Structure formats: C-alpha cells, structure tokens
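Which chain is which? They are A, B, C and D, in the order written, and residues in each are numbered from 1.
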Amino acid sequence: MLVVMQTDATQTDIDRVCGAIKEMGYQAVPMPGGQRTAIGLVGNDGRVDDSQISALPGVAQVIHVSKPYKQVSREWRPESTIVQIAPGVRVGGSDVVVIAGPCSVESEQQIVTAARAVRAAGATALRGGAFKPRSSPYAFQGLGKHGLELLALARRETGLPVVTEAMDEAGANLVAEYADCIQIGARNMQNYSLLKAVGRLNKPVLLKRGMAATINDLLLSAEYILAEGNGQVVLCERGVRSFDSAARNMFDLNAIPIVHKLSHLPIIADPSHGTGLREKVTPMARAAVAAGADGVIVEVHPNPDRALSDGAQSLFPDQFAKLVNELRLIARAIDRAVAPSPGTAPIEVG
Amino acid sequence: MLVVMQTDATQTDIDRVCGAIKEMGYQAVPMPGGQRTAIGLVGNDGRVDDSQISALPGVAQVIHVSKPYKQVSREWRPESTIVQIAPGVRVGGSDVVVIAGPCSVESEQQIVTAARAVRAAGATALRGGAFKPRSSPYAFQGLGKHGLELLALARRETGLPVVTEAMDEAGANLVAEYADCIQIGARNMQNYSLLKAVGRLNKPVLLKRGMAATINDLLLSAEYILAEGNGQVVLCERGVRSFDSAARNMFDLNAIPIVHKLSHLPIIADPSHGTGLREKVTPMARAAVAAGADGVIVEVHPNPDRALSDGAQSLFPDQFAKLVNELRLIARAIDRAVAPSPGTAPIEVG
Amino acid sequence: MLVVMQTDATQTDIDRVCGAIKEMGYQAVPMPGGQRTAIGLVGNDGRVDDSQISALPGVAQVIHVSKPYKQVSREWRPESTIVQIAPGVRVGGSDVVVIAGPCSVESEQQIVTAARAVRAAGATALRGGAFKPRSSPYAFQGLGKHGLELLALARRETGLPVVTEAMDEAGANLVAEYADCIQIGARNMQNYSLLKAVGRLNKPVLLKRGMAATINDLLLSAEYILAEGNGQVVLCERGVRSFDSAARNMFDLNAIPIVHKLSHLPIIADPSHGTGLREKVTPMARAAVAAGADGVIVEVHPNPDRALSDGAQSLFPDQFAKLVNELRLIARAIDRAVAPSPGTAPIEVG
Amino acid sequence: MLVVMQTDATQTDIDRVCGAIKEMGYQAVPMPGGQRTAIGLVGNDGRVDDSQISALPGVAQVIHVSKPYKQVSREWRPESTIVQIAPGVRVGGSDVVVIAGPCSVESEQQIVTAARAVRAAGATALRGGAFKPRSSPYAFQGLGKHGLELLALARRETGLPVVTEAMDEAGANLVAEYADCIQIGARNMQNYSLLKAVGRLNKPVLLKRGMAATINDLLLSAEYILAEGNGQVVLCERGVRSFDSAARNMFDLNAIPIVHKLSHLPIIADPSHGTGLREKVTPMARAAVAAGADGVIVEVHPNPDRALSDGAQSLFPDQFAKLVNELRLIARAIDRAVAPSPGTAPIEVG
C-alpha cells in the first residue's frame, strides 16, 4: 500500500500517517519527492484495510498494490480451476463448451424442441430461464418452478445438463434441486445475500458480469461465493453499458484474457446479451473463442419470431448449427476443441 | 410504437408486420420513405410488448413512443407525491430535507453522538447502515440487528427518524420493524425480489440509482414497488460509473430535473457517494439543492478519521453545520426552505 | 513514481528495474510485500517519463504520484489566475460571469437582437459561432469570416466582449483579429496543432472539455497552451458522453471543485450543451454557480424555434432574464456576485 | 422522421408541427396514441434537418429513421469498397491485411530493423509515427519530416507500403508526399478542418475511431472525407473510453460487424491501442480477425524495453511472427486469408 500525501502536507501529517501504519503492525517507508511525499507500507500479507489511513489529514490518495480479493486470484491458486457442471461436461480445460437454448422456458414443446435442436447442432449444455429478471414489472417473468420441471424434462430427453438463473435465496434452492448450474444474472452480481446463499450450496455457479462492473468487481463478487466454501464458479462476460446505442451492450472481450491472467476461474462469453442483435451473435461468438473464452452461452429459439422474450437476439437453429461448425475451426486454430455433446465422441474437424 | 424496416425489406415483410400489429388489436400505419418504410402502431393505451414484432424478418428497429412505466409517471399522476417518513417529515413538498449520519452504525456512543451532532446542525433525519453491502467479503459488513437497535435508540434520544438499508427480504422486514424508511442501495436497484418485498411493506422506501442505471431503469425499478401497492417511494441520485477516475462516481445532477419532469416521485441526492471526496461534498450538496433536489443525504461522522467505512467522504460535524446554513440560503434563492428538524420551528434565514 | 512488480517477478527483474531507475539519476527503494514487491523512485522533481521502465520484464504497473502537468497546477502557482477577456470583464475572481448568445451567428439582425437582449438581461459577454463544428458535413457550418464581422458589429452596438470558436490555425488568427476570446470546442480539445497555435497568440482562450476527456486530459490540453506562452486560459465543463440517453450529455459539475483544487485556472460551465434540453438549462446553470463555477455560458436565441442550430437547447430571452436573477441570489448565498454587464454598476440583490 | 409530442401537447401544438412539416415540402401523418400523439414525416429522400421542428412548443422528441450520412452507407453503395494502399495491397476484399511497426519512428536503424522484422514475419504494410499526438506537451512528439524520410527509406528497403499519421493540414500534405496512407488519429476524428483537407488529397486515409465516438460519429467523420471527393477510406476500431481501468481502453470488436452492415467501407482493428497491454494484443488480434475485421494494425518494436513511446503495448518480433501464423489459421476458419507481404506468393496454411 502506498499513501500519497498532499503537496501541502506538513511533517506532522506525515508522522501521523507513519504512526498509524506502525500501530497497524506494519513498517512505514517515507519517500520524499520533489512535489510530494509518498509513504510505503511494508510487511503486509494481502490487502490492508485503509479506512484508518485514507481519512487522515494531509492524505491525498491511497494506492493499493495488493489485490482486494484472495481465493479467486492466480496468486492463491496458480493452476486453472476446472468446473464440472455434469459428468463429462467440464468448463476451464482445453475444451470450449457451448451452452445454448431459449431465453425463457415457455412450454414443454418449446423447451424440448429447442433442447433437441441445440443437442443435434452440437451444444454441450442447455440454457433457459424459469425465473426472469425483467426491467418492467409488467413483462413476462418466467414460469417459475414449472419452468424448472420442464428443464429437467428436457434434460432427460436429451442428456444435456441445465444452466438456469436464480434471483433470490428461495429460488436458488429450487434451482439447485432441478438444475446442474445456478446462474446469477448481471443485475444480481452485487446482491451479496444471494452470492452468500449460492456459496453455501454445493452446485456450480455461473456468475455474470454486472452492467457496470469492473473486472475487479466481478472477481470480488466471485470471492463472496468462494469465501462461503463453493469453489465451482464460472465467470461470464455479457457486455457492459456504454455511450454507444449501436448495440444493446458493449461486449468486452478483452475481459477474457484479463480474467485468465488475474484468476484461476474459467470465463465464458454471452454474445447474445453482449450484442443484443442476432446477426452480431455469430461473429462475436467466434471472436470470443478466438480470444480464449472457455465457452460461449448462446440464445437459440426454435421459432424466434414467437419468443416471449429476447426474440430479436436469438439464433435460428440452422444459424446455430453453422456457428458451432465455425467455432470448431476457430478452437482448433488455437489448439483447443469444442467440447462434444454429452455421450458423444469427440468431433473430428478440418 | 414505430417499427422501422430495413432498407431491403420486401413488401411481404412489411405486410407481415402490419398483420402482426393488427393481430395484436392495433392499427398499422405504413409510412414509406426515400430510404425505408416505417410502420406506426396506433390505438395503444400504454407501451406495447414488442416481442412478437421485433424479431420478424425485415425489421430494423422498434421505437417506443410510450414510456415503459406507468404508475411512477407524471402522466399517471400529475401532482407531485409527498412521502411522509415520520410525522412532520415530508419529502417532495416545498421543503428540502437533510438526512445525515455516519456510513455505518459502529457503537452506541458513535451513533448517539453522531445523531445529536447532526440534529444540532439542523438535520431532518438520521442515516446509518446496519447492513452494509461491501464489494469485498472481508470488509466490515455492519452490526446487523444490533445496529438497528442502536438506530432506534438514537431516534429516541434525538427525535430524528431513521433511514437505513436492507439487502434482502428478511432484512427488509427487520428494517421495517425498527426504522422509518427502508433504503435500497445502488447494487440492489435491480434486485427485483427485494423490490417486490418492500413493495408489499407499508413503509417509505428510499431507492438509490444503480451504478449504471439509466433514469428509465431507475423509474422502472420504482414501478416494481408501486406495482406491489407501496407508493411511498423517494428516489436518490448517488453518482454513476464513468471513465474518469478523478472522483469515485460521476454525480449526475441533471437527473433531478429530468426525474421531476417524468415522474411525480420526489428525488434527493447523495453527494457523499456521488463524489466520494469529503471536500467535494459541500459544493455538490449546494448544487443539488440549486438543481431542485427534494433533499440531500450526507455522511457525517463524529470522528471520520476513525470511521470503519467511507471515512474519507464523511464530513466533520462543523463542516456539516456550515453546509446546512449554506443550503438554507440556496433553498431560499429558489423559493424553497430547508425542512426544520422534527419538533423545532422553521428557521429564519437571511 | 511507484513500480509494482508482478507476483512472479524474479530478483533479476527487480534488480533490472532498480538499475534502470538509478541510470535515470534517481534513487530506487524496493518494498517487498506478501504478494509482490513494489519499488519506489525517489528524488524526482516532477513526473518521470516511465517509457524505459514500464516495458521491462516483471513490471505489472507504474503508478505516478506526481501530476503529468506543471504550469496549470496549483502546485506551480497557488493563487487563482484571473483571465481578463475585456476591460472590466474578468473570469476567476469573486465575480461570476454570464456569457450568452445564440449557437450560431445567422444574420446581422439576429445577432444584434440577441446581443441587445442578453445585454438587457445582464449578460457579461456575448457568444455566437461563426465557425461551427457539425457532426454532419451537410449541416450548416457557420457564416465564417462574415460571422466574425457581425459579432464585431454586435460588440460595437452593446459593449459586450465576444467569445467565439476557432477550428484551425487560420481560423484562430481570424478570431483573434475580430473577437475577445478564442473558444476551442470539445471536438478539438486534443487537436494539439490548434492548441499550440492559440498558445502563440496573445488572446484569452476558452478551452472546452472533450466528450470523453478526463479532468487530467483537460488540464494536459491547457498545459499545451501555457507551454507556448499563453497563460490566459479559461476551462469549461460542457458535459461528457454517458450510457444514459435521457440527456444529450452527462453534465459533470463535480469537475468544478476538482479543477479548482488541482489548478489555478478558472472554470466555467455550459449547461446548454451539458444538458441539450432547454428546460434543464436553468436548474443546471443554478447548480453550476452553487458548485462554485466562475461563470456560465448559455445559449439564448431571440427566436429559438427558428434557430439554424441547437434551437431546442436555447433559452428564450425572458427565460434567460429570469435565470440571471436566480443566479444573482445563488451567487450571493456563497459570497460571490454575478458580474455586472460592462459599463454598468454592480447590481444590488436581495 | 417521427415527431413525438408531449402528453400535454395541445391540438394547436400538433397543428403547428404538421404545418411546419408541410412548409418543408413533406407530408405529415399524425398518429394519436393513448398517452401521446406522434407525427410521421413522409416523403423525404434522406435525413431531414429537424432544427425547425425540434424546438416547437409541445415537441418531446424527434426520432430519425433515415441515417444522417449518405455516401458511406451501404444503401448508397451496396458492394464493399476495396481500398488499395499500394499496388497489390488492398483492404476490404477477402484478404486480411496486417499492418505492423513501432509506435514512433526513432532512428534509421530502429525503423529499418523493425520494417525488416515485420516483413519477415509476414506483415503487409509498415506503420510508424513521425508526428505523434501526445497528451503531454513534454512527451516525445516525433521526428516530424525526418521521420517521414526514414519511413520512405524503410519502404525502399522492404517494399512495405507506409501508413503514418498526420495532425494538421500542413502535415497531411507532407505525409501524402512520403507515405502511402494517411492516418487520422482518434483525437482528431472530429477535427473537421483536417478531415476536409485529407478529403481533397488523392491518398488512402486510415480513420481511427475517437475515444468516445459512437459508430454513427465515426461514419459521419468518414462522410466528411467522402464528401470532399476522396472515397479511399479505411476505418479503424481502436478501443473507447470505459469505466474499467483494467485495460487502457475498451476494445469494441462488435463495431466490426456493425460497420460492415451499415457501410461499404473496410474496417480494421488496432489491438495495441485497443488494449494497451502487450499480452492482450495477441488474443485480441485473433478475436478481431474472427469477428471479420479486414485487417489489424499492431505495434511491434525491435526492442520494446527501449521504445520512446508505448513500449508496454508493443510486441516483440518473435511474438508478432507467432501471431501472424495464428491469424492465418483463424482467417482460414472463416474462409479468408491473411494477405501476403508485397512481392511474395500467397501463403499455404494448414
């Protein structure tokens, strides 16, 4: 930790900061400069709480050199974590997973048709919302528990493990009962009560980046889950807010190599929400894999024109099948492979 | 609603959109242009769900003319709502309320001292966190229920009504039991389960704008509360994320007149979180009142250098007292007045 | 300067950085930590060029403690600069200036009528564009030199000094000939050739903040002008890009106290471009003065409905007159005063 | 164009807008709704100037259906433009160009060594700055005309065409004399005087996206160049400002398919400035090609540790050689190919 003093800080101010650092059990190293003095804090083993320092007179700024998170960092665990969301379906290894399905579960026929279509095209897992966070209280909010039952049915029909969102603790318990991986949506990325709740469950968690969350915020939210004992966390880049309305979100693919450098957790990308535009999903899914994503999660609807939510960003099944083929080639170009659908042999490409 | 067609849309595409509009019970008015055709939807009484339209072939964009919210809008209720958070303490009328207190409740001595200090300086209500949403799981998370008991004690000592945050449904029930106004923090602005829960309580709610929430998003989140039957909602601008790290947040004071135009709900401003810097709190609090805010919420700590959270943005009691005096002059300049502390006579200024 | 090493940096990496620092003539102070080593650079008299350091193996980050600018900083010059744009019209003292006029000069009648109206309402200076930077090449680009002649005519008629924009070196020379203050617009804030050109002229410069410029960037651009020898620079906050389309820009009033802390240069605010909405101009102009702005620059058009540019954000003359009265009261509340129009006595308020 | 009226607009307001539309020579189609009336403008052949409409009483918003640009749009020219920057070096066809070289030209030895290295690794063109826009007036500003002479020398030595930046009209004329393609940097994207100047030259232009420019803004700036008669424009995504300091910029790869949809102009990507971090350049260059970019422009320095600018984001020559090989595989996966270096045969991959 480095404490930067104001240019008009007095020697008394500097001494007071050094005293407070020593009181906390660390060593203080003042470094006088032409414009101002900075004071290094030496001897810490992780990030130091600066609340006793930052408000002292004469302090201009406190700069942290240590990261604020621990268990999610590569420094804590150098080897990459592999999260198994179902037998044979692992996220974070050399395989690239493809999670696909409709935005919302709408009916038995819809979800089973969708599951079969994405299975046939090569998906590794099924997505579909039973609990839907919608900006408007008057929009379709999902089928709830019945939606979870239909997802479980679609899993029995296709063998695809199920990823679906929970919005509160009660919902998380239900999702854990029916599904294979609990998704925490962007709007709840800093709902710490919910993060703690899923941290106490023994289920993989897919944690989506919030709409204005820095990568640091995302890792800190994951830390909440690990701190409760659940290390099976997959991160997800899904686009952030920006000044440009040309797309629904700005898809920050650079987050992928940045997370891989800072953390041992796997990270996938969601080009459907990341762009909000059907015809941009394919190039951005390709880009995500080329950037090193451990997977993609894509909205596919058997009949997007009739979807109850997000139809305009859902791929048609044949578009999705073509995409999976392209992803296989891209993955191979960087010495990876798209994961085979559960129960099938690896795909030969080229 | 206006459906803008792609330039290469065919007559069949246009007819299909017109057909879908008619199927929904509205009238379709095609407007051919030099570059492209647009199709107006006529006859709606509020915002139309576009999910059946936006995914149709040839559709470039759907533009909504109606607002997506209803009960929060000025069109629904032209006169301004006044929220009474305690007898005599009303937000949204001609008075400007000043809510003040420490970031967190730390001890009986701290909260009672703080409450007395802000009461003496002219505050209208007391703030202080018992449940603290912290980015890091290892940071001080608040005293919980015991903090609420101490807030209730400080209220008995000073007569100041209490505003404090809830982070989940269980916490909201507790806060409703002990406090006068339930705060929903920025990180939970789109925690719809929590919004619905406080919508079912009969307590005023202070809803803070999320870090990347548009004003439209903020109003939609308020709509969740009103839709459950609770109309006592006060909105709060507290700064949003920006590209400039010169301050912790970008304080969007223009949100105040914009909200006043779009909605009947009162809106206050939080210059402490809005700036994150003690010495910017005073000018920005003044600016908020000059911009027409119905109140300000300000962090004041009896001893900011020792605060367990956010010390660097807390005012010292004497700074706060000086601020309240300045706010009285600013309020008078725009024909308003700072609300008197509960149980005191109106203040004469000038 | 602090060099933060990667956690896996070797002792060789650390030694190499220390060596490079010493080679540059400074002292290196390594500070080993639990996670990583940081190396302080001691003995510098201003910001050090880090290009020889930041690319060395094992370096994670270089953190500058010194500011990158010099002459614009309060450390360079503690007392506030007062820029005189005409005899008796000074920006940066206790008076708050009000610069007003149409977006563009359109005709003799329009600019003279506007100048008389804003003079009558209490403006201190006249604004009006002769060279207009427009996003579209097909939009009205201004009257050019003829516009400057009309501005000079309006000055003769009213006594108001003239502020108008230049877009390139040739234009700056012309503006310097006809007007009292050369405006550099937001789009040209980092047009360094133009900044150097106006730095060589002996005329006050009004430098507007770029659409995504940090305050640091703004001060560095001002430094370009001072470095060429022209110290008469007034800064201007005019709103930045944000994710919310509720207003044309996000008006960052916190920039005002931040600039006042970091720099001795005066700063004014432009609520017309800062909001882009006529009915928000008045509350935001009031807020700017309450926040401590040294002036405001406001668009006023004798007939906004017929303005060739930016009509929707221009005030009507009577709205402007009412605003000036409110600004007088706000200024008085913080012990300042709105500057009188040139040639008139100070206004008594209250 | 759609004119949305305020909910409290009177019939007189509506009639006035309809009258103004007719006065402009178009047809007005009022569409009454439950909340408000909207008025369609019919009969326009391109974007209509709304300045006479948007400021009328009762108008809430004007929504444009037509694009504000013309010649850059796919509607104006459906087939993709191919810009030839040198004989055999074409941008915008099926080949993907790789432009590489140091940030700045520093010396004859440096630029010739760099040019040979990138040529050997498979680059198609050489980049290197002679005129450098630097945030600080005290940073290295480039070698100027001598830098251009060294670039011309490096071209003679390697056969690589040269892309280099101009910062003003005089510089553009010089660059046009020595180089093959004139780069307009991000900071000058809205320097309209410069855009017009390069529009009058008969040289290809590489136009970089501004730091807070929307895609719409970028296309409008290109329109300035085309409107002056120069259609040889290559666009470039180079990252935009964001709230996350994890990288220097947010690299908006979704801009690539969006531009390809809206415009016939080619677009390349700059992962060096887009990320600002050496180790992110490779994954992001791969992602750019996977997203459909017509090329990449990458900083490579023979000795990044000694670079006078941007060393921390420059690739080492061997990293660059490995990258080009990966790009060949990615390009092939989407049925494209990396362009061969000038004077060499196409590369076989696989």
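Here, a contact is a pair of C-beta atoms (placed from the backbone, for glycine too) under 8 Å apart; a residue touches a chain by one contact, two chains touch by 3 or more.
Predicted, not measured: the structure shown is a model, and the values here were computed from it.
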item	value
Neighbouring chains shared between subunit C and subunit D, ordered by label	A, B
Shared interface numbering between subunit B and subunit A [over half = same, under half = different]	same
Distance from subunit D to subunit B - Cα centre to Cα centre, in angstrom	39
Whole-Å gap between the CA centroids of subunit A and subunit B	27
Rounded Å distance between subunit A and subunit D, as computed from the means of their C-alpha atoms	30
Where subunit B touches two or more other chains at once, by residue number	212, 240-243, 245
Interfacial residue positions of subunit B with respect to subunit C in the complex	212, 214-216, 240, 242-247, 250-258, 261, 274-275, 279-280, 283-284, 286-292, 326, 329-330, 332-334, 350
Sites on subunit B touched by subunit A in the complex	47, 49, 51-52, 54-57, 59, 68-70, 133-139, 167-169, 171, 187-188, 190-194, 210-212, 217, 220, 223-224, 227, 240-241, 278, 304-312, 314
Contact footprint of subunit A on subunit C as seen in their complex	2, 4, 7, 29, 31-36, 38, 40, 42-46, 63, 65-67, 75, 212, 241-243, 245
